[in-house]
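Below you'll find the structures, each written out as structure tokens.
Note that subunit A is present in both complexes that follow, paired respectively with subunit B and with subunit C.
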Partner chain A sequence: MASSALARRDAAVGYTMVAPAVLGALAFVVAPLVAVVWYSLHEWNVLANTFTFAGADNYERMLSDPGLRDSLLASLWFSIGLVVLNISLALLLAVLLNQRLPGTTTFRTFFFSPVVVSLVAWTIVWSFLLQADGGINGFLSLLGIEGPNWLRGETTAMISVIVVQVFKNVGLNMILFLAALQGVPEEVQEAARIDGAGAWRRFRSITLPLISPTLLLVSILTIVGSLEVFAQIAVLTGGGPGNSTTVLVYYLYQQAFRFNDFGYASAISVLLFVIVLVLTLVQWQTRKRWVFHEV
Partner chain B sequence: MTPLTPRRAPRPARIRHRLVSAPLAAGGVALALVLTACSGGGDDVAGEPSTPSEPVELRMTVWTADETQLAQFQEIADAYVADNPDLVSGVTFETIPFEDYTTSLTTQLAGGNAPDLAWILESYAPEFVASGALVDVAPKLQEAEGYEYDDLLDSSLALWEKDGGLYAYPFSNSPFAMFVNTDQVAAAGQPNPADLVASGDWTYDQARDISAAAAATSGKQGLVVRDFDFKVWENLSTVWDGWDAAPWNEDGTQCTFTDPEMVDALTWIHDATFVDKAMPGPGTTADFFAGDAAMTITQISRASALDDSFAWDVVPLPAGPAGQQNVIGQAGIGVFAAGEHPDVAADFLAWFTNPENAETLAAYFPPPRESLLNAETLGAANPKLSETQLQAVVVDGIQGAVTKPSHQNFAKLQDTVRAQLDALWTADADVEGVLADTCAAIQPLLGD
Partner chain C sequence: MKSDVMPGPATLPGADGGPDRPAPSGDGTDGPRHAPARRDRAARSRRRWGRWALVALLVVLSVPFVFPTWWMATSSLKPMSEILRAVPTLWPQDPSFAAYGEVFRLQPFAQQYWNSLYIAALVTVGTILVSSMAGYAFARIRFPGANALFLLVLVGLLVPSEVTIVPLFRMVNSLGLIDTHWPLVVIPILGAPSVLATFIMRQFFLGLPGELEEAGRMDGLGRWGIFWRIAFPLSRSAISAVAIFTFLKSWNLYLEPIVYLSSKDRFTLPQALTQYVDAYGGPMWNVQLAATTLTVLPVLAVFLVAQKQFVQGLAHSGLKG
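Take a look at the complex of A and B:
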């Protein structure tokens, strides 16, 4: 009896302790999620102060919206470019910095420092560097190369945005990979070396499988992050030239905050949520095929 | 002061607005509230004024961050508070950066946090006026004692009127003018623009040639259309109005980017940029006020940014093939129907813009009042400009001026045109082809 009362009291204390976090999550995570689905079923014009039920109209509109199709395509290119470049560069840097060489601590700090710099400040600096008469082209001219107008060409603008984002965040992935690499048992490497395995074979057959859980984590984080890019686009290109860098989140922002079409923007955000959810689930489900867990 | 009567019952649309924003904070409960909020329709005029049960706080959003201007606003507001302690306990002026001004304003509206009053950019005037977001302030201004409503210029009010009502007061009518770095022009051995104005030879072709020569001599830039930056294309209207060109017809239903006047005007701008090098190309920044350019087209209010680091002059916009056309940028002050106190806010607006306060504000914001549009009044508060400059650029610049492009669907048009015109800003662009594409892209939006 006494222990039951004690258990109830413990439970009450426990619930009280977690209540602020639960209420916070309900108010600031769950409620907005539910609200945005509700908004997506409406025509909501802020200026005209109209909020009328539209059923699935906004979702039907998405099917025939060329702007949305273009933004999905732009997001796809951005994600592919970012994921490939970011993960491969982060892994390469981590492998290099995992060597027992002098100065590695300095290099780790050098590559990680952009992660803690304000995103907007970082992007503004790059917007000056990438101008026609900016620092990048100034450097290229020293080498006798006439650089392009980076942010004005459709291809170069997308590449520029990707590279700026890679340099901003590669340090974080690099540190994660570095931590994973340092957890690879030296005796396994040593055994492979004794068996005559070369460096590439050891990396492919031992290191990669052993760091595959980190690879899964990094790939999920990077893909989700790539779909949420906004500030870099807003500052560097404003979605241009043309609509070449109008990625999904920027398109969503335009619909909501530029065109006051909050209902349609909500439907697009639901689509984005579904895309992120599906991609994450797919990666999670396929982990059994390529993620190695030591027993 | 007009006597005030009891407050009206809360209006349905205002209730709806708050209910719509509530779910963000209240989760499931809010969904039920939103369900009750689903009816359309805009709001109405403030109507008969009311006495609040206790003095209210008013909030007005502006895009200036100039402390002198804000201090001037506050001084006028404090005098109103002192005169009406039973109505208003204070007025706050909230600065929102110009670049995101309209977006931030509509975000406040969406969040149920509408200001009582706000500056509104002329480009968005038709959208704000037609939407029903603003209160008709004409009755309040007309009734205000000593207001002299008839002194307001009809041409200044036009953009803000609908069905006989006035939905914002066009408190700033700032003409565009050409600022000239006369040091750079003289160093290039070019004629002084002021002399060309006097002789009637001040044309865009002359401005282009002088700018190109000055840029070649100084190694800096020539003519800068300030704030254009190959994105804010509507600022080019200060140039193409000299060709009598326009992006769409008067009632905003037909694209006119392919009209010969616009083709000629944009061909001129394209050539001035890529052939003559008289204007900086995309991706090149040049601040006239820092001495980086020979000339700039911008609003007269920017004169305050000039110091004595170089010799300068300000002259009217040049003439194009269709003659000289003055262009103004307007800012209106509107009262939001969704604000907390629209009737009190309208009363404050009548005070803020009465003849005495309009004269004070004329230091920075040329008013729409005919009686105040003279070099003597404006000169008293603009020490950097001579009476001759004020007469030529401000007084004459407002008379018969056109405003920058505006449309009921401006935000979508602005983004769509910007995206299409990006193809124009390359050296080998097909001007006519790009403009045909632009019309194809925006014609559906003009019909919305």
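Take a look at the complex of A and C:
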């Protein structure tokens, strides 16, 4: 009797405590998600105020839209470049800072500092450095090299956007890796050293498997994050030159808020959601194969 | 060269006498007693060189992380002519704060600064409250449907906020809240951006020893009392991680402000920074860099002072394996 009253009171408190999060999820996540699917089946021009059912028209349009194909390619290149560079640099920095070296705290602060700099501020500084007569080319000219106009060449623009983003956020992944590395027991390393395992062998066969849960988490966060890149593109290149840096989210923004084509933008949103969902689930499913122990 | 470390002849016969002894490697004609010490010293000096090589590598690697901020702050003190000089100057030849005056003349910059600060502060406090309550209840309280509700909340982890920007824009519009700060405060606190926070808080509360709650109950505390007086104060490390994540996310927000806001005095900083252009749409570099410096330096200063807690907070956010 007393205990069931307690359980009931407990449950009431439980519902109250989760209410803001649950109602928020319903109102600002689930409902908009359903809505965006519904919108994607409509021809919807905001300016003309037309909203008519169009079935799969928006999705058919996607199939033959070269702009969308370009943006998917741009997103693909951006994600691959970012993830590879970010994770390998983050691991390298974490491994270096995990050694007993002088000044590691200072270096850690250096590598981490761009994380706290506002994204747009960081991007503006780099756009200043990367312009044709900017700082980077200035220093290259001291070395007798004539640098390209970084943000105006299709290949160099994409590389620039990736590199700027890597330097901005790699410190965060570095810290997460560093925390994981510090959890690797010293005795295991020592035992392997005595068995004659070299540094690379020890890294591959001991360190990497032991930090694999963090590796999984960091790669999920980085891949999903790479698909959401927007401010850097808007500030650095405006999607150009041509469509070379118009990633999916930027294309979505253009369709919705430049061309007022909310229906088509909704269809692109659905595509973006499906891509994120599939990537996350695939990574999660393959975790058994490459994650040594569960979190 | 070998001779000065050569052991005395008395030990030599022993060394080359035994035919079964494998030939020593390298300059291994040394006596067996000396070899380890020498190899040790060589290894130690090699290791010392290795260490300095690693430090040199770290110095080179830190350039692209530190230099832009330096370049930004120093260039903001230069006139346009010096900024555009072919060979860059590392330090302004004739430092001037003129550009800083322009920052405030061209836009209501102080107002925009305040907008960003108070929005980020509200979002941070709100997210901590919502996510710690939900995280606590999901971790410690048994109630019917808890798992289903938790799964419902977790959907937010799979939905980037860009996916729902069109319906959210429409919702905000139909509520008449376009060009107000409401969507920038309420949606992050209750929507997808706070889900990671709820997840981190739940992970933390799962690890809290049950005896503490028992003790609280003995002292006559109800569930709310246990949460407020015991669990919440104990979760400082998780809360600081959530606070850092949330503040930075709000501070960096760009897509949402440019979608929702249209008046200059309601802009947030990231938006305001991109507005310093001349009549032809070209960037006014020194003014823009001065404004950028004003937004970066305070945050950087706070970080430098509190960086230990800051980094530890992130490392202990329950994200590690």
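FYI, the second predicted complex is superposed on the first by the 293 of 295 C-alpha atoms of A that agree within 3 Å, B and C clash if a C-alpha of one lies under 4 Å from a C-alpha of the other, contacts with A are read in each partner's own complex, and residues count from 1 in each chain.
The rule we apply is simple: a contact is a pair of C-beta atoms (placed from the backbone, for glycine too) under 8 Å apart; a residue touches a chain by one contact, two chains touch by 3 or more.
Quick caveat, the model's predicted, so the values are computed rather than measured.
Enquirer: Just subunit B (first), just subunit C (second), both, or neither: which does A:159 touch?
Expert: Neither partner.
Enquirer: Which partner does A:239 contact after superposing on A: first (subunit B), second (subunit C), both, neither?
Expert: Touch status of A:239: first partner only.
Enquirer: Which of the two partners, first being subunit B and second being subunit C, lies in contact with A:99: first, second, both, or neither?
Expert: The second partner, subunit C, only.
Enquirer: Is A:257 in contact with subunit B, with subunit C, with both, or with neither (first, second, both, neither)?
Expert: both
Enquirer: May I ask you to decide whether A:132 touches subunit B, subunit C, both, or neither, giving the answer as first, second, both or neither?
Expert: first
Enquirer: For A:51, is the partner it touches subunit B (first), subunit C (second), both, or none of the two (neither)?
Expert: Touch status of A:51: first partner only.
Enquirer: More residues of subunit A are touched by which chain, subunit B or subunit C?
Expert: On the superposition, C touches more of the residues of subunit A.
Enquirer: Touch check for A:32: first (subunit B), second (subunit C), both, or neither?
Expert: Both subunit B and subunit C are touched by A:32.
Enquirer: Regarding the shared-chain residue A:149, is it in contact with subunit B (first), subunit C (second), both, or neither?
Expert: first
Enquirer: Residues of subunit A that sit at the subunit B interface in one complex and at the subunit C interface in the other, please.
Expert: Looking at subunit A, the two contact sets intersect at 26-27, 30-32, 35, 133, 257, 262.
Enquirer: Give the list of subunit C residues in touch with subunit A in this complex.
Expert: That would be residues 51, 54-55, 57-58, 61-62, 64-66, 68-69, 71-72, 75, 84-88, 129-131, 133-134, 136-138, 141-144, 146, 149, 152-153, 155-156, 158-171, 187, 189-192, 194-195, 198, 222-224, 227, 248, 251-252, 254-255, 258-259, 269-271, 273-274, 283, 285, 288-289, 292, 295-296, 299-300, 302-304, 307, 310-311, 314-316, 319-321 of subunit C.
Enquirer: Report the residues of subunit A in contact with subunit B in the complex, numbered from low to high.
Expert: Of all residues in subunit A, those touching subunit B are 26-27, 30-32, 34-35, 38, 42, 44-53, 131-134, 149-152, 238-243, 254, 257-260, 262.
Enquirer: Tell me, which parts of subunit B touch subunit A in their complex?
Expert: Interface residues on the subunit B side: 13, 16-17, 20, 23-28, 30-31, 34, 37-43, 103, 106-107, 109-110, 127-128, 131-133, 230-231, 281-285, 337-338, 411-412, 415, 418-420, 422-423, 425-426.
Enquirer: Any idea which subunit A residues touch subunit C in the complex?
Expert: 7, 9-11, 13-15, 17-18, 20-33, 35-36, 39, 93, 96-97, 99, 101-103, 107-122, 124-129, 133, 135, 138-139, 141-142, 163, 167, 171-172, 175-176, 178-180, 183, 210-214, 217, 224, 227-228, 230-231, 234-235, 249, 252-253, 256-257, 262, 265-266, 269-270, 272-273, 276-277, 280, 293, 295
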